[in-house]
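Going in written order, the chains are labelled A, B, C, D and E, and every chain counts its residues from 1.
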Amino acid sequence: MSPERTVEELPQAETTTATSEPAPLEPAAPTLGELVRSRVKQIRKGDVGSLSVYLGLILIWIVFQLINNRFLSDDNVHNLARQISYGGVISLGVVMVLLIGEVDLSIGSVCGLGAAILAVLVQNNGWNPFLGIVATVAAGGVLGALQGFIRTRLNVPSFIVTLGGLLLFLGLQLRFLGKTGTILFPFGGTISQLEGRSLAPVAGYALATVAVVCFLVLGLISRRRHVRSGVSAPPLGLLVIQVVGLAVVLFVVVWELNRAVGVPLALIIFLVLAVFFWVLITQTRYGQRVRAVGGNAEAARRAGINVDRIRVSVFAISGAMAAAGGVLSASYVGAASQDLGGSTLLLYSIAAAVIGGTSLFGGRGSAWSAVIGWLVIGSIYNGMYLLNLVSDLQYMVIGAVLVAAVIVDSISRRRATT
Amino acid sequence: AEVQPSRSSEGGCTIAFLLPENTTPRYEAKDHPLFLDAVKAQDSSCKVLYFNAANAADKQQQQAESALAQGAQVLVLDPANVNSSAAIVQEAKAKGVPTVAYDRTAGGPLAYRTGFDNVEVGKTQANAMIKAMQAAGHSSGNIVMINGAPDTTGAFFKQGAHEVFDKSGYKIAAEYDTDGWSPTNATTEMTQAVAKIGAHDIVGVYAANDTLAGAAVTAMRQANISPIPPVTGLDATDEGLQRIVLGTQYMTTYKNLKAETNAAAKVAILLAHGKPVPPAPMVKNATGDDVPTQLLPPIAVTVDNIKSTVIADGFATSAEVCGGGAADACARAGITG
Amino acid sequence: MTTEHENGQGRVLLSLAHAEKSYGAVHALQDVAFEARAGEIVALVGDNGAGKSTLIKAIAGVSPADSAQITFEGSPVTVATPQDAAKLGIATVYQDLALCDNLDVVANLFLGREQLLMGPGRTARLLDKIDMAKQARALLAGLGARIPNVLARVEDLSGGQRQAVAIARAILGEPKVVLLDEPTAALGVAQTAQVLQLLRRLKARGLGVVVISHNLADVFAVADRICVLRLGRNAGEFSTSEATHEQVVSAITGLTSSSDLGTGRELHGITTGGDLA
Amino acid sequence: MSPERTVEELPQAETTTATSEPAPLEPAAPTLGELVRSRVKQIRKGDVGSLSVYLGLILIWIVFQLINNRFLSDDNVHNLARQISYGGVISLGVVMVLLIGEVDLSIGSVCGLGAAILAVLVQNNGWNPFLGIVATVAAGGVLGALQGFIRTRLNVPSFIVTLGGLLLFLGLQLRFLGKTGTILFPFGGTISQLEGRSLAPVAGYALATVAVVCFLVLGLISRRRHVRSGVSAPPLGLLVIQVVGLAVVLFVVVWELNRAVGVPLALIIFLVLAVFFWVLITQTRYGQRVRAVGGNAEAARRAGINVDRIRVSVFAISGAMAAAGGVLSASYVGAASQDLGGSTLLLYSIAAAVIGGTSLFGGRGSAWSAVIGWLVIGSIYNGMYLLNLVSDLQYMVIGAVLVAAVIVDSISRRRATT
Amino acid sequence: MTTEHENGQGRVLLSLAHAEKSYGAVHALQDVAFEARAGEIVALVGDNGAGKSTLIKAIAGVSPADSAQITFEGSPVTVATPQDAAKLGIATVYQDLALCDNLDVVANLFLGREQLLMGPGRTARLLDKIDMAKQARALLAGLGARIPNVLARVEDLSGGQRQAVAIARAILGEPKVVLLDEPTAALGVAQTAQVLQLLRRLKARGLGVVVISHNLADVFAVADRICVLRLGRNAGEFSTSEATHEQVVSAITGLTSSSDLGTGRELHGITTGGDLA
């Protein structure tokens, strides 16, 4: 009896296979067409934000423009840019939290508390505004980290910890704002001028140019490294299309905003942060580990990743972004008030990320989902104001349009796959 | 920008009417239609852009921006947040659009203000309540305060009421701020006040408006308190007036909204046409700007003067007040028949 | 193939004594002892639920034993977390593979020891995706794994492809001891042979190799020593060259002599269970 | 070469094993001690609600009673019973939704809308109150089913669908309530007398007796069936302990409530529904399938379960329970008003389920978690109002106590395991 | 043991022709044909990623083929959902087992065909947990599975225990055709033998049995026919009694003669990969 024989004979046969018929480890460098197809497929899986939610967005724009032709006017686009920016910044933090499969209900409160802290520091205690902003964002980060700490060390569900945070920080916000409930940032002061300050038209174009050139150069460098390493590079055609597409979008947006007053600082902050988070999530070690924790926390732990540290850091980021959103919204309203950052902002900030394609269950999401998601929500809201509806109709229309926009997305996805 | 809000090029005028919230019935039920009527009556060529901010200051700011983008020539603003409204006023001014503060005061360089003195409203309520308590033979004892939302006019009412109560000899045994003017919360507040103080030891209840008063009355009746001690209110709602007739609420505070909307509409139309506003006493607002201010007096309404105030003004009809089982009581009070 | 003996073969690398572990009422490990030596392949065998995976997880720090004395290269150590194990140079292929389904093959292979770009990219902790992809291709080709695209997500791979990724992951980190929990369970004939070959090479390089398998043929083919667990206890140890197949089976099943064989009812559940009659 | 030999030889060896040393398929009938220990372990896993959250609850009670000795007075316990009941009913629906791993943000709005529908039907259109209640609950079920339908058919994330629902139903609520924003249920009418109506003292005791006897009889029947089937039955001692425990708790509660006015109908409705859902989830085919969908929807699908139908039905249940909660809260407030059922109620209804031990990620949860969770939240709120704190402190204390209660739970769990 | 031939043995129960399936760029099934006959065990073999699981899932209705002609007992059918397959009498053990981790063993076994109480309990759709537990015990005992407690949650079971549950699940429903995707991958020696024995019994009862396995020894031991897939295509069919081990291996790997053997570099990734040198 020698059962092991069977096995013994096989190795040679098989190792030969590996040489004589090389395993198709990587197909030959894909063509442009193939790449576009597979990217589209990937996007559809909710990876880089849903492609077809753009369809819903464009539909919303067309409908509102038909109803009121001021909708796409330069002034209103300028308004829209400012209106989505503070929520957008908050949603960037939400994307990170959702990536690790957790939830942060405190962001609305941290936003409001951030505004209050800024007001107390700058208005009541005469701090330098920029120092105040840094301190506020740092405070947000600390509060977030604290919640993350409780979440991980005491193993309390994040829903409960951050619900507690929501209430606690709301209380602090009220307390900081004192009896009057509001601290004003004087009109014309640094803070109230911050988010609405617009770039000079030339500066806007210059910035867009820099962005496009950076993208092109980095793309070329990556190509060269691919080629050098013998790893099949994406086709040059794709890069060209991407660069041209980016350039067209950026310049049209800048042109439209320049027709009003110029590109508002709020939008620039939001977009720069979005790019930062995109790089963080997709290109850095940290981002990869964050996604790993969201995908399979146990596997990440077994791979030697300090899962708790990742979680705490993500909650810190979420808190910091919420506080940053608070700074921007305080600047937008010109005051820190009790009603800043409530449950509506909370729900919309999460909804934006989800609409943009980030999964609520961890591991899948993109920084762009914050941008596209807030474009959808912001456009619906902004368009609603052009309709002058009474409250009840307002709610109904927003709810219906929201669901409709996501259904358009879902249906177009289904059509493409069947 | 292709379409600047132009003052004279269009034949008519565009007025933006920005209201603060939708939980209290008065705004969408009374202010909105009354203002539309007033504008229509005074200048039918004027278009009104209507907004309701649902208690959110940033939302109101977005609405104001939207109004400006739609070419509004004047903003009539009842601020969701009294203090932070300065940003709206300033942004409008920067675009050459004047702002009229309506009902509540606002910050910033206002062109005009019409409304009520809200601290005075609180004093009116408190004084009326003390009068009723004394009439019932209580010159001291426990009272409950159900205040409105602290980030709205509720703060001014509370301030006025405290100015009266604090030196009155009554003990404020329980006091709550009611976020969002929520009657649901107010019910629980009153229930817990009863649990805290005891069902028979409450001599009066300060409720900041009629909605809260209704909740307080419900809670007391469920706790089997009888008779119901004096309860205050505000806004002269149909339900409130009915309770007054039935004797479960002592008073409500009546703001003559018709007069208020008429005054606001008049000023707004003048401003929209680039004409000067009527003279009024200058008052400094929170941001230190001098504002021509026209204040109307609040009126305490009890069962004795319902007929001569709200009904006489056409603010409520005797049919509305006396419906739903209040007919007999109305007849007894001399409101009908 | 011949087994070479160089750099300190036979030296005890890892030893574990008096290991105890309970899950509630289930006593999964009871006073278990175990050893892995440099340049040796030891097979851990036993029935389903015998405690093999539990033992591996205890050594790997994934779910530490309730109590155990572990020594590594002669000195006592505690392995309370996977990091501890990694620092000692213990790499593990888990039975459930422990891969992140949402990440691509490359990311899974390098998870926890990602390679960074040079220069400013390193400061920014940017991943060197291109280099990692190149290495991943080479590594998987060496295992004969048929994976169409190293940038495919792991969730889209077949069962065997996933297992190949898990094995490649374990040998990537230059470990001193490799623990493999049923590494060939889902692999094809060719890939199995390749993995067995790999185990021999690891042994030749002086690593300690621990492999769990239910396939006694494979076990006899590669292992130097066979360690049997039964119901959470040590149930015998055999040298492959001396033991017979039957002896090992007896140890696994707990029947000490072959005279017990061949008498029982066959599949009594099947013949008696009403549903299956 | 005959490799199959090896395998061929084994069967006999092994089948013998099965006879000569029977596989320990089921340990001998467990003793009482063992059972208690394993039940405790199971409970700790978040299965039947966390045992040690009771610890947190008792702590809360002690603290509040020390601060204000009216807290545990008969009147206040009566208040508490009524205050937790409407939210509790809503949370029962939440438990079902969480069990299948979804989320329903619309419950707050459906609650408010339900009150509005009831008011319109009964007050404005003169329907029979009980018919009105049935119609309202049915309407809630239809709205929930509709959302479930969109969720499953169009594959839109439930977060977005139900956020749309939240807004839409809020709009409908405002619309139904008309210009005045409130429709009163006259004091003394059927609706406003409903939830606060108290059972006669004797009836309360009778009800408690019936409950205990039912429990005992069913327990004995189950024991007999176990014994007959030869399956090891739980020890008789356990049943005795359970029956005595249940009896003590029920009679103490009834006694305390009878010292006030009697057991309020609201509490009876809530507890009867909780028992109903407990049976539904643990004892019925439907409940088992619901848990299967939450545990592994793909496995459930492969087992031939109509996963979509389960999902739609669960959303329908959630909607119906939310509407039922709306009926109770309308009765509590004596009116249908605009503020009924907002985002606070939404968050607390979900939080209660989570505090009670239901997982946000599907598959694990119990109807009791709604009861215990609302006891925690309701006690905090009730106590807060007795303390009469200003708003800002109120929020801070509630947030802190909430987190503290759950941390107590978590720590006691940890201590027990290490 | 002897194979009996009774009730219509050899009749084609299920046949599939021209099956096509793509996952994006991966063409997992290309013009595949396949047959299962009553009273016959057919083994489906092939390399990792050859498309075996894809084929099984297509037949089971879990992820239907892009196009395929399926006939069952002579008449053309469509199998678009798992329910369709269940109605036809096709039961499946999936490679990933497809169990609900949060439910206990009994609940998993009876999922989708739960037994209800008699009388009023049936009207209320109450589960007969006691009877199901009793049956579950008998069934698992028949498979020789070592599962301490049928009320344990599946997530707490060892790999082999889980697999035993999945197999028991499949044979519970009185199917006509049973598809098993690597059913013994995680099983112990004894349990594997027991499962192979079970397959023979199913065959004897006239069922069509399809089994995927990488263990050619097992395949030759139980199967009547071997069907080979390679890179998503049919790559040969053999009768076990006539074919040799080598022929099958050649078909799996695509090497048609044994003269190609024994020349290649061994494990080239390992010897060339820098990390592993």
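The criterion applied here is as follows: a contact is a pair of C-beta atoms (placed from the backbone, for glycine too) under 8 Å apart; a residue touches a chain by one contact, two chains touch by 3 or more.
Note that the structure is predicted; figures quoted are calculated from it, not measured.
Shared contact partners of chain A and chain E, listed by label: C, D.
With every chain reduced to the mean of its CA atoms, the largest distance from chain C is reached by B. In terms of C-beta pairs in contact, A-C outnumbers the other of A-B and A-C. Seen from the C-alpha centroid of chain E, the farthest chain centroid is that of B.
Averaged C-alpha coordinates give centres for chain A and chain D that are 35 Å from one another.
Rounded to whole angstrom units, the spacing between the C-alpha centres of chain A and chain C is 41.
Here the spacing of chain C and chain D, counted between their Cα centres, is 44 Å. Between chain B and chain E, the centres computed from C-alpha atoms are 74 Å apart.
In chain A, the residues touching two or more other chains are 1, 3, 6, 10-11, 13-15, 17-18, 27, 174, 342, 344, 391, 394. Within chain B, contacts with two or more other chains are made by residues 22, 28, 150. Under the contact definition stated at the top, the residues of chain C that touch 2 or more other chains are 25, 140-142, 144-148, 189-192, 194, 197, 216-217, 245, 249, 253, 266-269.
Of all residues in chain A, only 1, 3, 5-6, 103, 105, 150, 154-157, 159-161, 163-175, 342-344, 347, 350-351, 354-355, 360-361, 391-400, 402-403, 406-407, 409-411, 414 touch chain D in the complex they form.
If you check the complex, the residues on chain A that touch chain C are 1, 3-4, 6-8, 10-11, 13-15, 17-18, 22-27, 222, 225-226, 229-231, 279, 283-286, 288-289, 291-292, 294-296, 298-306, 363-364. In the complex of the two chains, the chain A residues touching chain B come out as 68, 70, 73-76, 79, 82-83, 174, 179-184, 186-187, 192, 259-260, 329, 332-340, 342, 344, 381-382, 385-386, 388, 390-391, 394.
Against chain A, the residues of chain B that register as touching in their complex are 1-3, 22, 28, 32, 49-52, 54-58, 61-63, 65-71, 80-84, 86-87, 90, 107-108, 150-151, 155, 286-287.
Residues 60, 62, 82-83, 86, 92, 94, 98-103, 107, 111-114, 116, 124-127, 129-131, 133-134, 137, 140-142, 144-150, 189-194, 196-197, 216-218, 220-221, 245 of chain C are the ones touching chain A in the complex.
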